[in-house]
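Lettered A, B and C in written order, each chain numbered from 1.
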Amino acid sequence: MTREENDLVTRVGPGTPMGTLMRQYWVPALLSSELPKPDCDPVRVMLLGEKLIAFRDSLGRVGLIQNHCPHRGASLFFGRNGDCGIRCVYHGWQFDIHGNCIDMPNEPNESDFKRKVKALAYPCVERGGLVWAYLGPRAELPPLPDIEVNQLPEGECAIVPTMLECNWLQAVEGEIDTSHSGFLHFGSIQPDDVAEGTFLHYTVKDRAPRYSVVDTDYGVMYGAYRPARPGYTYWRIAQFMFPFFTQTPEGILGHHVITNAWVPMDDYHTMAFIMIRKDPREQAWPGRHPIQGNADKYPTVQTPVLPNTSEWFGRFVSAVNATNDYGLDRARQRNGTDYSGIPYLPAQDRAMQESMGSIYDRTQEHLAVSDVMVIRVRRRLLAAARALAERQVVPPGVDCPAVYRNRSGSIILPEGADWIQATKELRQAFTDHPEVLLQQP
Amino acid sequence: MTREENDLVTRVGPGTPMGTLMRQYWVPALLSSELPKPDCDPVRVMLLGEKLIAFRDSLGRVGLIQNHCPHRGASLFFGRNGDCGIRCVYHGWQFDIHGNCIDMPNEPNESDFKRKVKALAYPCVERGGLVWAYLGPRAELPPLPDIEVNQLPEGECAIVPTMLECNWLQAVEGEIDTSHSGFLHFGSIQPDDVAEGTFLHYTVKDRAPRYSVVDTDYGVMYGAYRPARPGYTYWRIAQFMFPFFTQTPEGILGHHVITNAWVPMDDYHTMAFIMIRKDPREQAWPGRHPIQGNADKYPTVQTPVLPNTSEWFGRFVSAVNATNDYGLDRARQRNGTDYSGIPYLPAQDRAMQESMGSIYDRTQEHLAVSDVMVIRVRRRLLAAARALAERQVVPPGVDCPAVYRNRSGSIILPEGADWIQATKELRQAFTDHPEVLLQQP
Amino acid sequence: MTREENDLVTRVGPGTPMGTLMRQYWVPALLSSELPKPDCDPVRVMLLGEKLIAFRDSLGRVGLIQNHCPHRGASLFFGRNGDCGIRCVYHGWQFDIHGNCIDMPNEPNESDFKRKVKALAYPCVERGGLVWAYLGPRAELPPLPDIEVNQLPEGECAIVPTMLECNWLQAVEGEIDTSHSGFLHFGSIQPDDVAEGTFLHYTVKDRAPRYSVVDTDYGVMYGAYRPARPGYTYWRIAQFMFPFFTQTPEGILGHHVITNAWVPMDDYHTMAFIMIRKDPREQAWPGRHPIQGNADKYPTVQTPVLPNTSEWFGRFVSAVNATNDYGLDRARQRNGTDYSGIPYLPAQDRAMQESMGSIYDRTQEHLAVSDVMVIRVRRRLLAAARALAERQVVPPGVDCPAVYRNRSGSIILPEGADWIQATKELRQAFTDHPEVLLQQP
């Protein structure tokens, strides 16, 4: 990758090619629960390099408005939220969720200046616990993507937000890199530690899977495969969906419902929203962490989170971070309790992604067979950003919400089976599946 | 305002047009009390982007000398102050308040190198508790400005210093913006909360005053007016005086003596010196905060200050600052105790000024009728800086100390009166006034 | 000095002229004791502007390898050290001390990609408690310099490491500047405080010595001289040795064995390694601090050190530093306990060197007679860097380890003696000296 390509694919501020690409899509901005009720406290939100203030108005609608009051620039974070708008406390100018100035009480009655003043405000909609925002140019808004986990009935989806101190693409690349699981996460687990017949048994028995990668209408899909019991192949199937969504191959294909959003706050910070269907059956599945024979060897899935502050990067900061080397414990690393010595699974990923630096210099890397998915996703991103910039080509999925109806997961197929054909139905979201057998053939 | 104008009007380092303008004037550098006695500890002073060391010599004279020893650059902050000079502890070179090297003990006796070495040192004078410095080019020093509050007999003037973390112009603009008082400071107060006939009653009864702005020989003056009782008009009269002084309209015109200096430490930090005449009668005046019926609704005027440190920006830092959102209390904001939820009046101002960012991007603003004073002051500053840079025009007031003899304040005049004529005598500083009636007509 | 020369002589990153010069030499990278045993924890090392990971492999050999894994850039600091290599925990790639990729377990067995991947790794050797690294271009390594103190039998050399927050040249210049001792360190000591006949007596009796400076094959040597008892001269003899070594004149010439390395971590941080022969006889010598009549007047030689952290600049940070003004105690300064008020000798030096700023702007200085050694060393550095850049001239000492065989120290010679001839033998390292008389003639 050239330095120019690296810049192009990573930078997302206003006016950049990748920033313009992302602004074609709805983007998750914050949790609905961060604005718990009408007229509650505003929240500082950094999104795609823009400083914004989120608020919920008296009717319960969410507004996402420029930080600086259009008048003389005081922060609207200090604003009074009420009467269907946020009111700057400097001179009392009030704005509704559309950015209209609906009151300008320090001006003479006869003035109509307030009609000429408009704050930058982005349309927001809420679904499944997320506030989605549209920072793009269209007057007629595009549809929300048909992401299954985000459309589950209330209470069926868990969302885990975490702030990452690195560029969004490092986070995405970490997610679509299935190869690292057998090392970073499960490198200490030996085949004998895990019951024969489980996914994890095959994962740790062969840590160098092969890959099949295909371009799709929503982005890129891969199947990583290795031998299962004689005559069968173990497949891990996962997706990258434009512009920054990933679906992971953990869990049973057809049963597992997960989508992760890696939303750029700016070029150097990323807000991760892990969205997963709560599924008691999956928890009990013997091939998945953390329920295994030797539970000590499995990294903890939940990391402690620091209390939110009102700083721009003060939301959902992990207590396990670069300042404490992610809890690195060399004794655990040495004695094999953890391969990495980092006892929290998500922190293992962050340690890798953040230690690359704020924006990794990809001119220095050496990509291998296992990076075929990473390579393909970069190509698609670059191609889409260039096509939009040069030929105004609408990027994948913007006008086709249905392409997001995908599931990821693991499955065991007969050797030689066409994985794409064989899994077509199980990868389809929003269908009523018959009961899936928990013990795969 | 264009980006170029914004840069020109805000930046004050050596060689910048506005920095050159400010260097035509005497500028308040620190408090006399920061150097309490001869040969006391030196103080780090950042002024107009220059790192300086202030010290009081054995004769009680104040020196303001370059931070880096002219020899090899060690900081003179560590210097030994005594024997009528500050002595670098590296090699013992000693400098007097004029910057002369008066001892060079590590050189051979026959050397006269010390006559060739001169430290940058700025002339200082003390008056009214302030140390004034002249950082300009003239060998024959200009006169000090005739600022009344700074010439009161000892003990009659209170000086409140505070460090602001933003560009000086944001502070000045906040001060000359009388419109915000009715919102940021008194937005929670209703007319019925305040006795009829008081200034504050009219202020909160009509929060959209009209403005009359006039250019003067010292800068700009405004009168903001709104109806008082029938047949009368309530006037708030205040001044901007070159290059960064303001006088506020609180208090009774003719009685109220106040001047505020907003001294640039560098482009991103400002030292405010609020200088006000201690006046027991004024405190009792029923039209002024904080003595009112419902005292709970008045913001606290004094903010707690952190202990000084010896860092460059470690003097007079408010404990109520950006790191704690200026003590923002959403419950107080919501229940109307404070309009802003910030319980300290000066912190309310700083929250607005600092939240604009270090240097606000004025290309983004939307100025209204109430900003007419702000607009005029900018124009005068830009014009003066350009006239100096392009045609060597001496800026307003430099050679005319008497133009600073002004008072600001509030007054109630008959409807239709010419405010400038009617207040001419009351606005004149240094006169012996007859007793002013505390209850205005 | 011009700004260009100042940049040229101070900056040491890859590709800079001075950085290229330094890369011709072996440089001390860390202490052997920082890697106490085979397969111990890796250490982050910043060296000449490069982020590196030091580790000791299973055979006890030290590796110094690029921080970012050549694969996708995760930090090798988190790596598993064992089996004769460091293994990235992201995908298990393992590298030996030569940078060879010796295992790539996530690739298919048939892949030979690992032969194509090589990490940047610098050769290291250990001697006398130091790990030396060679960051230069030669395939055939140059010899280590014959620095005596680094070749003493185990246990006879003490190494004191300290991190300095300034450019390396400020540290070097502080060391070769013998003039400051009589002020910064001993300015409070009067001749009567010290026994007649001791070195220190003469030092404080005449604080403006003369200088004789000579270019040598290893760098520059000076002799600073002043009167001793009638008919004799007190000489302080010290060296600068390419590229950043100094030897100090404290102690008895012929007896005193010391070399200090001022190793650039980057342009703004320096790691000092003070290497000194432990010598019980020297401690008792009455002419040296700290054993004197009035012990209170001598600054403490050891400063407290903060616990190491795993940050890039987290090793050997003094607890007495800029954040606390180096323990400055104005009362001690004022009452003459310490000339500087800083009670620790090394902190006195750091206060001067660091307060010049990260990289001092040498266009502002005024060099005097006492700076003749500083001037000469700069010239030699500039000349050597330019000769290398322009004419590929191998810099002094690179191929001639024997030129480093020097001792520094103090001596009293008959008036008019040729100091160079008279001290030739005593300055020679590695010789068996007859017993040196502790009381000089």
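Everything below uses one rule, namely that a contact is a pair of C-beta atoms (placed from the backbone, for glycine too) under 8 Å apart; a residue touches a chain by one contact, two chains touch by 3 or more.
In UniProt terms the chains read A, B, C = Rieske 2Fe-2S domain-containing protein.
Computed from a prediction, not measured in an experiment: that's the story for all the values here.
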> Line, ring, star, complete or other: which one describes how these chains touch?
Replying inline: complete
> For the homomeric pair subunit A and subunit B, should the interface be classed as same or different, according to whether the shared residue numbers exceed half of all numbers used?
Replying inline: different
>> Roughly how far is subunit A from subunit B, centre to centre by C-alpha average, rounded to an integer in Å?
In response: 49
> Could you say which residues in subunit C touch two or more other chains, in rising order?
Replying inline: none
> Can you list the residues on subunit C that touch subunit B in the complex?
Replying inline: 173, 177, 179-180, 182-184, 187, 207-208, 210, 325-326, 328, 330, 333-334, 339-342, 348, 351-353, 355-357, 360-362, 364-371, 374
>> Considering only the defined contacts, which subunit A positions touch subunit B in the complex?
In response: 41, 68, 70-75, 77-78, 80, 82, 89-92, 104-109, 111, 113, 116-117, 310
